[in-house]
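One chain, chain A, appears in both complexes that follow, with chain B as partner in the first and chain C in the second.
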Partner chain A sequence: MSALRAPFFWVLLVVVGGVGLLPILTGSDGTREDVFLVLMLVILASSINIIMGYTGYVSFGHIVFFGLGGYVAFYLMLNHQVHFVAAALVGGIVSSLIAFLLGIPVLRLRGAYFALATIGINEVVRSFVTNFDPFGGATGMFFNYQVYDSYGGAKNALWFAYDAILIVALLCTITSLLIKKSKFGLGLLAIREDQDASQVLGIDPSRSKVVVYTISAFFPGLAGAIFFFKNGIIEPGPAFDLLRSIEALVMVMLGGYGTVAGPIVGAAVYEQLRAFLITNPTFSSLHLFVAGFLLLLIVLFVTNGLVGWLRQRTPQLRRYLE
Partner chain B sequence: MNIDALSASAVDGLMIGFIYGLAAMGLTLIFGVMRVINLAHGPVIAVGMFAVLLLGQNLGLNPYIALPIVLLLGLASGIAMYFIAVHRVINAPELTTLLATFSVNLMIVGIGTVLFTTSPRALSVDLGSVQAGAVTVLGTKAVAVLIAIVATAGLYYFLYRTRAGKSIRAVANNRSAAELMGIDSTWVLALSFGIGIALAMGSGSLLATMFSFTILSGTVYEVKSFIIVVLGGLGNPFGALLGGIVIGLLEGIATISPLPVGWVPVIEFGVFVLILLVRPTGLFGAR
Partner chain C sequence: MILQVQNVSKRFGGLVALDSVSLEVQEGEILGVIGPNGAGKTTLFNVINGVYAPQEGLILFRGENITGLPPFKVARRGIARTHQIVRPLGELSVKENVTVGACFGRENLSLKAAARVADEVLAFVGLAAKTDLLAGKLNVAEKKRLELARALAMRPALLLLDEVLAGLNPNEVSEMISSIRRIRDQGVSIIMIEHLMHAVMKLSDRVFVLDHGAQIAEGTPEVVSSHPKVVEAYLGDPQAALRLLEGSA
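The block that comes next holds the complex of A and B.
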C-alpha cells in the first residue's frame, strides 16, 4: 500500500473530502445538491478512466452499469423493503458481476469494435428494461414517500444519500489511485501502450482487462443506486442515457486521460461550465454549441487534458498531481 | 398471420430498408477508408432533412430537384468537416476521433436547436400510390428506393471504375503504400469524408419526404446505421445496403408478428452485439 504514503493521496483526501464536507458544515440544501451532482460525475468519470484511461478500452456505454445498479437497488428497496445500504451494495455487485460476464467476450474486441459493442450493450439493456414488467417497463418505478420514513423522513434521506455519494466518491478515487500505483496498474498501462508487447512481457491481458472492467463497473452501480434512491423515481431513459456516458468521457478528456486527478478536475470544471452556460442569458440557447466547440478545441490542441498539461509543464507538481 | 398483411408489411419494410442502407453507407464508407466512426452521422442526416425543407421553402424547389444540391452541399461540408475536425487527429487513437466527431455532433445539434427549435416539421410531397392486391406502395417510397439504388450503383461505378474512386480504395487498403504510389492521401481522405457526409445528407432528404422530423431525428437513424453497418461488415458500403434491407424487413415483419413491437430493438441490438463478437467482419463482409 505504498500508494497511501504518496503525497497525492493526501491531496486527494483533503480536496475531495474538503469539498464534500462543505454542505455538511454549512447545512445548505443548495450547496448539497450542487456538490452531490459533481461527486456523482466524479464517480462516473473516474470509473470510466479506470478502464479507458489506464487500459485504453473506450467504454462508450459505461452508463449501463449506472442504470443497472440503480434498477436493481430500486427494485429491492421498493418490492422487498431491503435497507438502502444493502440494496446499493447489491446493485454495485450485480453491476460488477454483469461486467465480469460481459467482459470475457467483449474485451476480446479492440478499438472501435469494443466502443461500438459497449454502445450496443447499453441499448440492449435499455430496450430490455423498457419491456421488462417487473422493473415497471417504459414507465419505470417510483417510491411513495413512506419508503423514506425508515430513514427519518425525506429530508434526512437526502442527507443520507449525500453522505453515501461522498463515501463512494472517496472510495472510487482512492481505488483509482491504488490501481494506478500498483503493479497491476502498471500492467494495464502496458496493455494500453501495446497489448501484444505486454503479453510477451508476461502480462495476461485478458485476465487484467476483465478484472479492471469488473472494478470499473462497481462504482457506477453504487452511484446509480444512490442517485435513484434520492430521485425517488427510475425510468429507462434517464437510467441508460448514452449522452451522460459521453459527457463523462468528455470530462475524462478535459481533465486528463489516464491520471487520477484528471476525471475529478474534469467533472468539476465541466459541471461548472455547463451550469454557467445554461444560466447565462447569452449562451443558454447556444450551450450545446459552446460545449461542442470547447470539446473540439481540447481534442485537437490539448490532448492531455488540464491535468496532463500541468504535469507536462511543471515537473515539480507531478508528485502532488498523479 | 395472414398472407396479405405479411406481404404488405414486408414490402413496406423492404423499401424503408433501402433508405436505411443508403444512410448507413455513408457511415461505413468513412470507417472503411479512415477507421473513423463518425458520431456526427445522426445530426448530418437531420441537416439533410432541413436542407431539403429550406430549399423548398425559400427557393420553391421540388425535393427531388433539391436533392442534387443537397448532395453537393454535403460533399462540400463533409470536406470542410474533415479539415476542421478530423484531419489533425486522423492518426490518433479511436477515442480522439470519436470525441472530435462527437463535438461536431454537439455543435450541429446546438445550432440546429436554436435555428429550428425541436418542433416537428414535414414536407408536403404527394406522388400518389399504387395498389396491387393488399400491397399499397406510396409514390414517395418507390421514388426513394429508386434513388437509393441509383446512388448505390453510382457509388459502385465511382469506387471501381474511376481514378479517384480507385485511389479511395487504395488508401482504404493501405494508406502508406498508396502514398508511395503517388496518391495524395489527404485529399483522398477528405473526398471520402465528403462522399460519406453527402450520402448521409441525401438519405436524410429522402427520409424527409416520408416522415415528419426534428433536428434530433437523426439519432434514431444513427443508431440504426450502427447496427446495419455491423451487419454488413464495417467498412463495406454494399454490405450496408444489404444490412439495411435486412433491418427494414425485420422491422416491417415485426409490426404484424405476435411479438410486441417493443422487443424489436432488443433483438436488433442483441444481434448487433452478437455479430460484433462472433463475426466482426459482418455477415456479408469478406473474411
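The block that comes next holds the complex of A and C.
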C-alpha cells in the first residue's frame, strides 16, 4: 500500500475530490449535472484504461458492463424494492461476475480479435436484453416517482446519486493507482509489452488478465446503476451504447493510456470539448467527426496522450503525475 | 543431477524437431549445445522451459517431473532463459524489466525487495548506468545483457542461454564470457546454445551436439571436436568446420 504514500495519491485526492465537492459547496444543480457526467466518464475511461492501458487489451465494448450494472440494479430497485446502495453493489458484482466468466475464453484472443469480441459481446447482450421480458424488453423499465420517496424525494435522490458517483469515481481512480503501483500491476505491464516473454519470466498471464478484467468491469457496473437510478428510465439503446464506449476510448487516448491521471484528464477535456461543440450551432452535428479526427491526431502524433507527453517532457513532474 | 531430459521428441506436423533426445546436466555444470542451423537447439530450450510440450519423453528438474508444465510454472521452479531474438519489454524501463524477473521468479519477491535485486543484477551485468532508460532504446549488446539480467534476477538454479554472444563484438564477447563464468561460480547450472565455437569450447564442461533433431555426439570439448560425426555434420558449412577445429586448437 506504499502507493497511498506517493505524492500523486494526494494530487489525485485533491483534484478529483476538490472538483467533486464543487457542486456540494455551491449547491448548484447545473454544476452538479456537469460534474456528475464528467465523474461518470472518469469511471468509464479509468476502467477501460486498467484493461487497455495497463494490460494491452483494447476493450471496445466495455460499455456492456455499464448497461448490465444499470439493468440489474434497476430491476432490483423496481421489482424487489431493494435499497439503491445494495442494488448498485449487486449491479457491480454481477458485471464483474459476467466479466470473469466471459474473460476466461475471450481473453485468450489477442489484439484485434479481442477488441472485436468485446464489441460482439455488447451487441449480443443488447439483443438479449431487448428480448428479455423481465427487463422490459425493447421499451425498457421506468420508475414511478414513489421509488424516490425512500430517498427523501426526487430532488434529494439526485444529490444522493451525485454523492454516490463521486465516491465511486474516487474508489475507481484510487484502485487504478493501487494496481499501477503494485506487483500485480507490474505483471500487467509486462503482459502488455510481450505476453510470451512475461510468461517466461514467471507471470501467469491467463490468471492476471481474468482478474484485471473482473476488476475493470466492477466500476462501470456501479456507474451504470447510479446513472440509471438518477435517470429513472433504462432502455437497451442508451444502456449498451457502443458510441459511448468508443468515446471513452478516445478519452483514454487523449489523456494518456497506461497512466492513472490520463483517463481523468482525458474525460474532463473531452467532455468540455464535446459540450462546447454540441452547443455551438456550427459544430453541433459535427462533434463525432471532431472526436474521430482527434483520435486520429493523437494516434499519429501524441501516442502517449496529454499526460504521457507531459511526463516525457518534464521528468520533475513524474512524481506528481503518474 | 539438476536436469534430466529423457527420450524427448517434438514434432511439428511432419517435421521432427527433436528425435528422442536425452541429456543430463550436473549441478554447477556448463553444458554447451551446438549444431548446425535448424538442428533443434532452440526447440530443445522451448521444450525444457515449457513453451512447447513434447509429444514423447520426460523432463525432470531436480528429480521432479516438469514435462508439459506452462512456462511460468517452470520459471517459478527455478529455470530461467534468455531469448535468441531479444524480447525487451520496450515501454518499461531497464530496471522495471529486471524487477519483473525478480518479482515473479523463483523467490516470488515483493516489489521493494525485487527492486533491490534488480539494482544488484544490473550492476553485475554492467547496465547500472542505464536503469531509467526505456528498454526499447538500448542497443543490441545492451539488450542481450538485459536478457541476461532479467534471467538472473529470477535467481534460477538452471539458466538457459540462447546465443547470448551472437551479434556482440570481440570485446563484448569476452566480457560476456567472464560474466557467464562468474554466474556459474555462484552455483548456477547453465545450458548454453552457441555458434561461437571458441567460446563454447572454452566455457563448457561438456558439449552436446544436435543435428536434425538427434544427438550425434556428447562429451568434453576435446572429444566432441574431433568426433567424426560432428566434423561431418559441419561439413555442409566448411567455415563452421574450420572454426570448430580452430576452437579446439
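Observations, loosely collected:
Throughout what follows, the second predicted complex is superposed on the first by the 321 of 322 C-alpha atoms of A that agree within 3 Å, B and C clash if a C-alpha of one lies under 4 Å from a C-alpha of the other, contacts with A are read in each partner's own complex, and residues count from 1 in each chain.
Following the convention adopted for this analysis, a contact is a pair of C-beta atoms (placed from the backbone, for glycine too) under 8 Å apart; a residue touches a chain by one contact, two chains touch by 3 or more.
Since this is a predicted model, take the numbers as computed values, not measurements.
Number of chain A residues touched is higher for B, counting chain B against chain C. Contact with neither chain B nor chain C is seen for A:25 once the two complexes are overlaid on the shared chain. In the superposition on chain A, A:203 contacts chain C only, with no contact to chain B.
In the superposition on chain A, contact of A:113 is made with chain B only, not with chain C.
Counting contacts as defined above, no chain A residue meets chain B in one complex and chain C in the other.
Every residue of chain C that touches chain A in the complex is listed here, in rising order: 49, 51, 70-72, 75-76, 81, 83, 87-92, 96, 99-101, 103-106, 110-112, 114, 150, 154.
On the chain A side of its complex with chain C, the touching residues are 2, 182-183, 186-187, 189-190, 192-194, 196-205, 258. Within the complex formed with chain B, the residues of chain A that make contact are 52, 56, 58, 60, 105-106, 108-109, 111-113, 115-117, 119-121, 123-124, 127-128, 130-131, 138, 246, 249-250, 253, 257, 285-293, 295-296, 299-300, 303.
Note for the complex: chain B touches chain A at residues 31, 35, 37, 84-85, 88-89, 92-96, 98-100, 102-107, 109-111, 113-114, 223, 226-227, 230, 234, 260, 262-263, 265-266, 269-270, 272-273, 276-277, 280.
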